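What follows are several structures.
Common to both upcoming complexes is subunit A, partnered first by subunit B, then by subunit C.
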Partner chain A sequence: MLEFRTQGYNGYSVKYSPFFDSRIAVAASANFGLVGNGRVYILGLTPNGIVVEKWFDTQDSLFDTTWSESHENQLLAASGDGSVKLFDITLSQFPIQSWQEHAREVFSVHWNLVGKDTFLSSSWDGTIKIWNPNANASLTTLPTHSCTYSAEFSPHSPSILSSVSSDSHLRVFDLRTPASASNHLTMNIPIHTPPKPRMGAAAPVGVPPSEALTHDWNKYRDTIIATAGVDRLIRTFDIRAPAAGPIAVLSGHEYAVRRITWSPHLSDILLSASYDMTCRVWTDGSAMGVGSVRQENMVQDDPMVYGGGKEMGSMGRHTEFVTGVDWCLFGAEGWCASTGWDERVLVWDCRAIMQ
Partner chain B sequence: MAHSSTQRLEMLSRQLNPQSTNDAKARILEKRPDDVVICVALRTALTKARKGAFKDTKLEGLLVPLLKGVRERTHFDTELVEEIVVGNVLHKDSTFITRASAIAAGFPATTAISTVSRWCSSGLLAVEAVAHKIAARSIDIGIAVGAESMSTNRDGGAPEFPDSFMENPTIKDVTELMPWTSENVARDFNVLRQKQDEYAAASFQKAEKTQKTGLFQDEILPITTKWKDPKNGEMKDVVADRDDGIRYGTTKEALGKIRPAFPQWPPATTTGGNASQITDGAAAVLLMRRSVAEQLKVPVLGKFVASTVIGLEPRIMGIGPSIAIPKLLKKVKLEKEDIDVFEINEAFASMLVYCVEKLGLDPATVNPRGGAIAFGHPLACTGARQIVTALAELKSSGKKIGVTSMCVGTGMGMASLIVSEQ
Partner chain C sequence: MADALCGPSNALQNFQKHTSVDRTPQQDRLTSRHSPAQNFRSSPGPNAGILDPEFEAFQAGNGHPPPAFHHLPPHFSHPPPPPQFAQASQAPDWAADFQRLDIGPAQSAPIQRPYQPQVSNAASSWHQDFLRHTSPVMQAPIYQQPKFLGISGYDVSEHTGPTFQQASVFGVANHNPISAVALGKQRAREMAPEFDEAAFERAFAQAQQDILEEASTSIQETVAEHSRSVETDPIMRRIQEKRPPVYATIKLRSEVDLGKLVEAEPWLQDLESMESSGQLIRDATEAKWCVDALQKIVDREAPKKIKSRAEKLITSINERLMSAYPLLAPTISVNTGSVWEDLAAAGYTAEGYTTETPLFKQRGEQSEQKKEEQPLRSDDDEMAETAGRLLERVADNTSQKFQNSQFLELMRRLRDREVRIDGDKMVEVSSNQPSTSPLQPAPVPPPEVDPKILEHAHQEFGMVIDSEQEYGLSRSSSNDSHTDEVSAQFGYYNVLGKYHR
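Up next, the complex of A and B:
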């Protein structure tokens, strides 16, 4: 396990470069992101450990970062002052562009993985904005009317994006649909829909709504989205059956789940980061064989675990809230990086913690 | 800047302790896909037994037009109604009548029926039955009805019990008449006649005001029925569209002059003016799961949150609401101050006075449209009628949370909690 200290700054987001296997970006904030400056670190993984290649300071806290998919030296940062900033790591100090449109804190930024010419941001102001890096103003604003902690483009289509927000809903937008009344909204799924009752377990009732903080599209199955948040549960949904409720419900985290990300290598594996100071690896049970014995008996070990999904391992080396986690896209499957409020970035191999 | 950091801190603490800001009331007001919601709520007029518009209308004559009324207010396929549960106390063949009436009202043979009874709480018992079936997913959509024709079905009281039963004083109390229990409440808890008349007069005055402002029209489905003119014996069509028991200009002084109805039972405070009237009527509530309502695009009036029941000594059965309501509120973790409207059935003014004062309720929140003293208590109708009235009152006053409750003959109290979403 490699370690780097973001001295004086509490981590909020970590992202591997899509171009280089040895480069990581970290968005961090002074004073736990409550008040004060932000900083983007560009870290290099070297035989001598993790070294800082560069950093950029900002006036307000930073809550997320994402690498450009079209330019290997550029990355975005989501700022507490409502701005979205584009940095170029070959230049010093200042962002090459800063877009100030959101009325409140920006909580997520994400680059279009297919189109590569657009990116999005989501904010506490209840909107998602679509941007082109060459335009001065946003291309589109999609209202969610609710503090939107996380928004993402589909990795399978340039015009489909999704969000989760504090109103406990997973929204899917399709930019090909007419804007008209629905503002491209094509799906609005209550995350707190109870799972389908299974034989041998009582039907869960009265699942309360709860703030959703993070979500991610499965990289292989183009209709599967995982969500997680304040109710400590990770759920997976199939957007082909939006009314069917979650297909997997994964419980284990002891506090809110702050970040989840599907494996770029394995279709059933996802990684989570939580306020309970752990990162955990999960299978949603969709891979062949997992959970099949229990399925035949139609009796679940744990009534909250559906479809045979389960926790595969836990990484407990952080000593404060874990807020960011990401997979390395290159090399052997399993390498990942995490960051948190303990002012540390950890780079580790999750195969080491899997049982 | 300081402002935004405080808000960020609040956001983080909310993420860590969702319970801290998510109090019981907020949770009850939440809209969840598996909520049991009320989509139609309406009633017939309540008319005096043996005098009013329904005096020659049998149980089916109440059920068929009311069920038709419910059907006409829904725009989805009638076949989707899986069960109709009717609360009825007095008709000995109520289950047959219900099956036939559902078909006569245009429901297909695939819509099942059942009947329930727990005396004065039968209407609420029917609502509870449908709500529980929906919550347990045995059905998705159901109709609960409370219906009573007191004109055409005699209240025979308790059956004859064997001596071994009657030797038990509590069982003996079960066989006693309701006014006797009212006098027991007045005596045991020292509820003065004057106070009873004061509450009774208030009931008439509130009902009079509601009727004159036309607000009861939100609740009532007008029904045309046959009525036999006592003067010449002719049958004619009449429209039952208003409650006929509400005596305008009633004052506590006027009620104070009425002779005690039961001088044999001291303190003999119960009169024809401060007890519920004997009345015909019916009320219906259509319930479904919220996810189904959203799918069918059916507008939602409110949700049915919880209900409970509790027994007590039969000799003071009237005070049932004073223990059923606290039990209910404890279950849902609410305080009485959280409740905007209480519908407490006015079986007798004695129990009404006791319950309101024992619970320490603000009288302005109790029966704001008047109650059974003013417009009658058709036994099984009342529980469903209270839901209809509470929803209409919550709508017109722009408020949210309602509790309905009633005392039950033989010593019980039932209560329910609903939330208006209008």
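Up next, the complex of A and C:
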């Protein structure tokens, strides 16, 4: 396990470069993001451990970062003052572009993985904005009418994106649809829908909505999205059957789940970071040989877990809330990086903690 | 629209959302591996969980706080009432005691006292009197406790003596430490616990008993010149370390109550020397408390010698106090609450002290009006409140990590107003106790005492109070006093005095 200290700054997000296996970006904020400055660290993984290659200071807290998919030296940062900033790590000090349109804190940024010419940002002002790095103003604004903690492009289509927000809904937008009254919104799935009734388990009762803080598209199964949030549960949904409720419910975290990310290597593995100060590795039970018997009309061995998924391991080295986690795209599967409010970035192999 | 939903009026509100624990029935059913309710159910049958929502609702609706003192050992809960405490005439007498906390009329005899004793309205005067002494605490910044370590004339090495009896004698060891941590100062104020005079007396009785027990076990202990045995109760020891004047007063009172005059004298001597060195009035709150306790000794059937010495001591403390803190001096933090907190920890009150009484609610409304006038203040208040709520959410987590979390520590300090947010910085709220400043290397000589100051005081602060209502209003104006130092001063003195009109 490699460790780097973001002295004076509490980490909010960590991302591996899609171009270099040894480069990591970390968005961090002073004073736990309550007040004060922000900083983007560009870290290099070297034989001598983690070294800082560069950093950029900002006036306001930073809550998220994402690498450009089209330029290996550029990355975005989501700022607490409502701006989205584009940095070039070959230049010093200042961002090469800053877009100030959001009325509130920007809480996520994500680059289009397929189109590579657009990116999005989502904010507490209840909107998602689509941008082109060459344009001065946003291309499209998609309202969600509630604090949108997380928004992402689908890794399978350049025009499909999704979001989760404080109203406990997973929204899917398709930019190919006409911009009518629905504002490209094609699907609005209530995350708190109880699972389908099953044999051998109590009939599901109503679940009150709770804020969803994070979600991620599965990298292999193009219709599967995992969500998580304040209710401590990780759920996976199949957008082909939006009314069917979650297909897997994973429980185990003791506090709200702050970030989840699917493995780029395995279709059933995902990694989560939580306010209970742990990172956990999960399988959603979709892989062969994992989980319990999935035959119809058969009573499953653990009635409390829905969908046959289970926790595979937990990493408890962080000493404050863990806020960011990301998989390394290169090399052996299992390497990942995490950051949290303990001012640390940890790079570790999650195979070591899996049982 | 989104603003209405998200609308963090301060940045903290969002964190609170993140750490909230969802306790809904469905979640508990799905995640009940962590639910203690499920643990003793060996095999959940097909109907497992059906009744859970009802059970949860039942629990949520009927959560009674445990009765006060139920955790104390039985001998502590039912002590024989000490004969010298007249229980019957308690309420008015007690209220009168509290009235005497005001320094002005403290040395005057009860009959001459210009206050209306308000015996006819014992209950409301009880509240009122009590509120008077808790209300300044409500918005007070938590000030740094003065460090009284290594004080001259005080034998610190006594603390290191062998402990014969463990803390269990006092019953405090059975206190639930988590709840104490979890509730925190702010929550404790909201909890509206009953202040219990009876418990206070009981504690004194307990202190007596302690001394008796100490006396019996102190055979191997070479009794020092003035039979001062080693304090065995850890909480009393804490008071001894932190607040020697308070400790000496407590000891003095219990010795006097026991009739052990020879033992009482050294304590009185201690107090006198602390007074003359100015140490006693270093903390105005403590001094006030001591004056009050001494007045009680004077009022009781104490021997003449002790009585006259105590009276003289009261007068000299008052003189020194008023000379040390002149009227327009920077704010004195009159923080009676923190003394009470210490005493509450020692088991001297039932569950701390009450703040929520009908009268207080009324004042709460008034202070809300005040808030509108002072929007700057409310930001900090909101922050502290949010931090307090956040801490409550994670209060049941006792893991090492959460106990050591710097973020939660910051929340604690925000809640207790030790830090506040100023612009885009976290600022330490500085202590306004000049004497606790570490920059002072040598102890300053006690300030000069104006021998005639009490005569002024008698004129200025001994005014007759016309009506109870007016009185209440004037106290509530000092409720928010810490926004300006002058009114904080008034919270200490009688604002209705002629001097201030």
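Operating definition for what follows: the second predicted complex is superposed on the first by the 344 of 355 C-alpha atoms of A that agree within 3 Å, B and C clash if a C-alpha of one lies under 4 Å from a C-alpha of the other, contacts with A are read in each partner's own complex, and residues count from 1 in each chain.
Simple rule for what comes next: a contact is a pair of C-beta atoms (placed from the backbone, for glycine too) under 8 Å apart; a residue touches a chain by one contact, two chains touch by 3 or more.
These numbers come from a predicted model, not from an experiment.
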item	value
Subunit B versus subunit C as contact partner of A:39, first or second or both or neither	neither
Per-residue touch tally on subunit A - higher for subunit B or for subunit C	C
Contacts of A:320 with subunit B and subunit C, given as first, second, both or neither	second
Touching partner for A:243 - first (subunit B), second (subunit C), both, neither	first
Touched partner set for A:277, first subunit B, second subunit C, both or neither	second
Which superposed partner A:219 touches (first subunit B, second subunit C, both, neither)	neither
Contacts of A:254 with subunit B and subunit C, given as first, second, both or neither	second
Contacts of A:190 with subunit B and subunit C, given as first, second, both or neither	first
Contacts of A:230 with subunit B and subunit C, given as first, second, both or neither	both
First (subunit B), second (subunit C), both or neither touched by A:146	second
Common interface positions of subunit A, toward subunit B and toward subunit C	32-35, 80, 124, 147, 194, 203, 205-208, 210-211, 213, 230-231, 255-256, 275
Touching residues (chain side subunit A, partner subunit C) in the complex	10, 31-37, 80, 104, 124-127, 144-147, 166-167, 194, 200-208, 210-211, 213, 230-233, 249, 251-252, 254-256, 258, 275, 277, 303-304, 306, 316, 319-321, 341-342
Footprint of subunit A on subunit C - complex, ascending	1-3, 5-6, 8, 11-12, 14-15, 17-22, 24-27, 29-34, 44, 46-50, 53, 394, 397, 401-402, 404-407, 410, 421, 423-426
Contacting residues of subunit A [partner subunit B, same complex]	32-35, 61, 80, 105, 124, 147, 190, 192-194, 197, 203, 205-211, 213, 229-231, 243, 255-256, 275
Subunit B residues within the subunit A interface of the complex	1-2, 4-5, 8-9, 11-12, 14-16, 18, 22, 27, 30-34, 135-137, 291, 295
